[in-house]
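There are two complexes below, and they share chain A, which is joined by chain B in the first and by chain C in the second.
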Partner chain A sequence: MNRFWCLFFVASAVLAVVFFYIGPACGWWFPGVAASPLGQQIDDLFYLILAITGVTFIGVHAVLGYILWKFSGKEGKRSDFQHGSHTLEVVWSIVPAGVLLFIALYQMDVWAAFRMKSRFDQEALANPIAEVTARQFEWRIRYPAPGKVLQDTPQPDDLYTVNDLHAPAGKPVVIKLRSEDVLHSFFLPHLRVKQDAVPGLVIPVWFEANEPKAYDLVCAELCGWGHYKMRGQLTAQPQADFDAYMKKLKETQFDDGFKEAADE
Partner chain B sequence: MSTLNPTAGTLAGHGHGDGHSHGAHHNPGFISKYIFSTDHKVIGIQFLITTLLMLFVGGGLALGVRWQLAFPWRELPIFGRLIFGSQGAGISPEFYTMMFTMHATVMIFLVIIPILAGAFGNFLIPLQIGADDMAFPVLNMLSYWFMWPAIFLFGASFFVEGGAAAGGWTSYPPLSDIQQAAPASGMGQTLWLLAVTFVGVSSMMGSVNYMTTIINMRAPGLTLFRLPMTIWGMFITAILQAFALPVLTAAGFMLVFDRLLGTTFFVPGGLVVNNAAPTVGGGQALLWQHLFWFYSHPAVYIMLLPAMGMVSDILACFSRKPLFGYRPMVYSMAAIAGLGFIVWGHHMFTSGMNPALGMTFMVSTMMIALPSAVKTFNWLGTMWGGNIQFTVPMINAIAFVSMFVVGGLSGIWMASVPTDIYFHDTYYIVAHFHYVLFGATLFGVFGSIQFWFPKMFGRMMSERLGKLHFILTFIGFNGTFFPMHLLGIAGFPRRLADPYQYPVFEHLRPLNQGMTYFAILMGFAQFILLFNFFYSMFKGKKAGRNPWNANGLEWTAPSPPGHGNFESVPVVYRGPYEYASPLVEADYLMQTTFVAHEDRHIDPDQIAHHA
Partner chain C sequence: MRFSSLSIICLGGMSLALAGCGQPPEPVFAPSAKATVLVPAAQRLVSESLVENFGTPNKLVAWQQFPINYGAAEPTASDAGRHDEGWRLREGRKLYMVHCLHCHGVAGDGAGPTSRFLNPRPRDYRQGVFKFKSTAGGMKPSTADLHRTLVEGIPGTYMPSFVLLGQEQIGLLADYVKWLSIRGEFEEKLAGGMGKAGATSEELRKSYKDKRESDKSISYEAVENEILDDIRKELPETLTERAQDLTDDWLAGENPENATFPTAKRVRPDAASIARGRELFLSKDVKCSDCHGPAGRGDGPMTEQFIKITDSDRSYDTPGFRDFWGQPIVPRNLTRGVYRFGRRPIDLYRKVKNGIHGTPMPAISNRVTEEQIWDVVNFVMSLPFGGKESASPGEADGEGGEAKVAEAAGS
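Presenting the complex of A and B:
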């Protein structure tokens, strides 16, 4: 029975490792390779931490398994009369402290690149492609008229869509994120971008889609009963296609139904 | 005076063999003995039974959530027709948001916090420090009875217009602030805030009482560094509650004022939600998050430290070996508590707060992993070289260590801001905190119930049933929660009534269905615990004073101890972990046993060097 408990705990740890190992093959993993340069950096950090925590997890459970195997099931055996070890305490304080501090400091740069305005692409920051306003339960998108710069207040020639965000691919773009009512969160899983929308704040968010493709836009902050259906889409397209889309959007939006008669 | 200084006053006159009744305490009638009792043991058991029943309420809500995630909009078995008969017997999205909100609320405020501090804190503190009762017995009784208004308010909120609170247990404004923001943001949310205030008052009464008792009423010879880790856990938790709770209570009142009196602490001016009148004034939604997490992050440790303490006691006892690194254990627990106050911002990395704060909170959060690691290594050190006995308390304690490692390691991804950008509000977070709060704390609690049950009722719980319960719960738990890590890596968001709306999550449905089956298994396994608990209370094998051959003061009292606990004042000669001491023949040496040739001026650490 003693051996049983050792095997029980070791087996559960082995299963955990196996599960992580087969996860990607079963599709229980990231939704594809990160579709943005920043996303790739985040994934790299994920795998770095996975390596560190994986080694720790396996190490601790190997020791646990050894202990449960070796130090059990001996009737009448007397335990070591041992109260601790100063050396060991020092070692296992300093080593994890070093590793943890390394992880913390190593990450700072990616965080700064994601959120510090001074690190944004300055041209993209000066020319946000759109203002995205979250509301129960949709994303309202306001683009400046082609050739104009997005203003803080709505302009008569602004262009609007709902749940359908278009952006040029292959270069960093900035959106201004707002909320009209409660909290929401602008989440692009493929691009590894997430930012809450807070009423009263205007938050610039930048992202860069590598491929011209459609990506899911998910609301990731509970915003009420309809939270689950607040689904949007980001369409990344080559710059030329994006310009064409904007032009067409303008035409559709300002179409007053009046067609000029053909010349002469 | 007599209660503050029991060893000199109330207890001194009583000799051995006094049996159950205690001269200083009159024999109370049924109502004052079992219902409005001021005896810490009865109050502890009242807390224990109440919280165990609440565990089933919270678990039922969780199964509802699991059902919806596996089979969205399909008829809910058994309860569906009863609750949603008029709408096709499936769970509505409104009710789904209520379920996960109330699941967390019940589990946190009515199960985990009161089962640790209320049940075990009450039962164990006086017994383990050699006192006859708490410092303030009436306050103690009130702390139990203040839970009931909360239970009624939470329960009643399901039946008011709009239903129970549905803004998540975090209740972020403006959703929880503006009554029109959601059907359940009306009366249900107000009742929720009132109920949380009641549990807060209950916790606070316990907290003051525990601090006073532990500081003032320790038996002669019981210095601070001879206290069992359980008491250190309870003591540090009480301090945490005393400093953190007022912030939540104040924030709760501010939110109530916003909702009922027209203040705008947490909403900006001019906000129009669902055609409600625009808000006037101007506050900041993020303020609530700061205040809430200033309480709720320390609260995470309130939900963990006492279990860490109890598990330390159990591990030492069934390794038949002194606790490894007693002082580092105490210091690391204190470090966790201290650092716990400066890490709250890690819940807010994507919230829109100043990004520079993200960096400081990342460093402090990483540092809090350090004392947790030190504790884990010391638990392994305790078992190393021991003579491990796989009793039910012990296997639960080992599970605690194993699961705590998983929960601790997954936390590192959340502590580091860049990866948290992706993982925030996904199932990775759900996996992480369930590994800490269920995997660690609840397994610790299951072990502790079995360990101290003989002291509570004078009878042993069934080992056979205990092992069956453990195996099924452990399998069900890991089957339910381990895959959540993978869901999180896939970006699967929390709190969605139908995540499969998004094509990117569609393929995760079969995995979710499998997890739900494991959750059902885990849920049903708890009936074994319930049966074992109540069956053993009446039919269990009789237990002597010290069925586990443990060292603590509680094991010198009769099982169950009478009103007043000890027949004579216990005098303490050493710490509680002197297992396998060379001073005596037996492999345990109780704190009260006098050994003639013991050089008690030698530090235990030095004995180890001599040996």
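Presenting the complex of A and C:
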């Protein structure tokens, strides 16, 4: 029994190594490979933190194991009493603070790329593809008419859809996010994009899908009983397909149902 | 992926331990209010014919008479047993249980557990009354109409869009809704008929009293049996008749000839057309503004009136319109630009021309020409934009205006 706790802490260090390896290696950690350039950078940040915490965790456990091994209680020997060490406390406060500061500074660039309007692709920012309005429990989408610029208020020729957001792939695009009722969160897990939708605010969000395919769009803010159902989809398409889609949307939405006599 | 199966087993075991192994209660088709007022023997007759012809939630019966695609057996399908006779109905039920039940209820009575919190209430399909359809008046919707409702959802209400379920699943759901509606209407009509024949407890007591006046020796049971015998005798015929009526109704809804289409092209939504539409909107003849108000805000004078309760000579004790289901309803505020029935010109045309079944919104007077209807539609479509020229396709005015970006982000 003497050595039990020693072995326990050493074993957890070994287990941690195994899990830190298989988590990322088997793709358990993230929902798939990042599907956008910024997503890859965000993943790299996560891996950096994993490395830092991993090394720390394993180091601490190795030391702990060693100390438990070396100094575990012996029959008849009493323990010493120590009131603590000022130097040690300063060291273990300053070192983590330094690490945190490093992480904070190191990630600023990615953060800025995601959040600062001055760092957005300016062309995309000037031409948002759509306004996405979250409401309990769906995503209502308003596109500007082809060739026009999205306005803050609805326009007569705007085009409307629900839940299925289309966007051109392979280039940065901007949407304007708003909420009709409560807090929601626009989450594209594969693109590593997550942004709260806040009632009263119009928030530009940019993303870039590497490949033309369908990605999940989910709500990441508990917004009511139907939160779990608030699923949408981002359909990234080649530009030409996207243009064709918009054209079709326009035709359907302005359908007056009149059939030429020739049809009959 | 050895790890993942292991962890699934662990998690599964844990959640079982936490949740316990209790079975959920068996779902039942709750009886309609028209049936519950009947005497017990008549109630039994109704529920027996329902179980025989429609089954129970866990054992559905596909009554072949109705124009529903129940799904024929597909012996080639490899997924054993899934594609037996009637599989579409069963699959539809499963999907309905997952996606719709909590609002629309097991029997489609609009009384699911979340329905209490919603306004407007989820649709009670059992009267066969639908608002969102291409057909006129009280006609049934076509399958395509139900399909469209499920794809688009109903903006401005809690009815969500199910577009991501895909065509096939939406098709299954639309057919299941149709089946529930037929089942419900069948029940309401059958029970309603028995009620009219005097089989409610109240009516029975009355006729017993009447009969006692001429014949002191007559027993209550004898009166009851007499009425029930009549009902029983006619039951087979009643059943076929009801089923035939419903079949005809739904077939008519399905008939493409009954879908409303304009016979004239949409009038160009220019200022002149909008002005004409406005005049009609306010006119004595068309009277939209009585309900929707002169500015289209849904606050017309008629919304202040006390409305009579159907089948009674009393009025509701609060002013304002009620819909077919007795729920308060307000004429739409047309300046908001939220269109429950769709924002295509054809959708608005249909609503203006046919009215909205199940609501006080009437069909437009038939003295109005097609072009005039389009004028009204153009006016309605311009209301969210202050009555300015509304949009029509293919009109590029080149200039897009400037993009303004809110100050929300980047801080």
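Observations on the structure shown:
Methods note: the second predicted complex is superposed on the first by the 230 of 264 C-alpha atoms of A that agree within 3 Å, B and C clash if a C-alpha of one lies under 4 Å from a C-alpha of the other, contacts with A are read in each partner's own complex, and residues count from 1 in each chain.
Quick note on the criterion: a residue touches a chain if its C-beta (ideal position, glycine included) is under 8 Å from a C-beta of that chain, and two chains touch if they have at least 3 such contacts.
As the structure is a computational prediction, the values presented were derived from the model and not from experiment.
By the touch criterion defined above, A:P168 reaches neither chain B nor chain C. Looking at the shared chain after the overlay, A:S79 reaches chain B, while chain C stays out of its contact range.
Of the two partner chains placed by the overlay, chain B and chain C both lie in contact with A:W225.
In the superposed pair of complexes, A:L125 makes contact with chain C only, with no contact to chain B.
Here chain B and chain C are compared by how many residues of chain A each touches, and B touches more. In the superposition on chain A, A:D152 contacts chain C only, with no contact to chain B.
Of the two partner chains placed by superposition, only chain B is touched by A:P31; chain C is not.
When the two complexes are overlaid on their common chain A, residue A:P189 makes contact with chain B while staying clear of chain C. Residues 26, 28, 115-116, 136, 198, 201, 203, 225-226, 229, 231 of chain A lie at the contact with chain B in one complex and at the contact with chain C in the other.
Residue ranges of chain A in contact with chain C, taken from their complex: 22, 26, 28, 115-118, 125-128, 136-138, 140, 144-145, 147-152, 154-157, 160, 162-164, 176, 198, 201-205, 225-226, 229, 231-233, 250-259. In the complex of the two chains, the chain C residues touching chain A come out as 1, 3-4, 99, 114, 152-153, 155, 158, 160-161, 163-164, 261-266, 337, 343-346, 349-350, 374, 381-382, 384-385, 388-393, 395-396, 400-406, 408-410. Touching chain B in their complex are the following residues of chain A: 1-2, 5, 8-9, 12-13, 15-16, 19-20, 23, 26-31, 39, 41-42, 45-46, 49, 52-53, 56-57, 60-61, 63-64, 67-68, 71-74, 77-86, 88-89, 92-93, 96-97, 100-101, 103-105, 107-108, 110-112, 114-116, 136, 180-183, 185, 187, 189-190, 192-201, 203, 216, 218-229, 231.
Contact residues on chain B toward chain A in their complex (touch as defined above): 92-94, 96-97, 166-168, 172-175, 178, 181-184, 267-268, 271-274, 282, 284-286, 319-328, 350-352, 355-356, 358-359, 362-363, 366-367, 369-370, 373-374, 376-378, 380-381, 383-390, 395, 398-399, 401-402, 405-406, 409-410, 412-413, 415-419, 421-422, 424-426, 471, 474, 478, 482-483, 485-487, 489-491, 493-499, 501-504, 507-508, 511, 577, 579-582, 587, 604-605, 607-608, 611.
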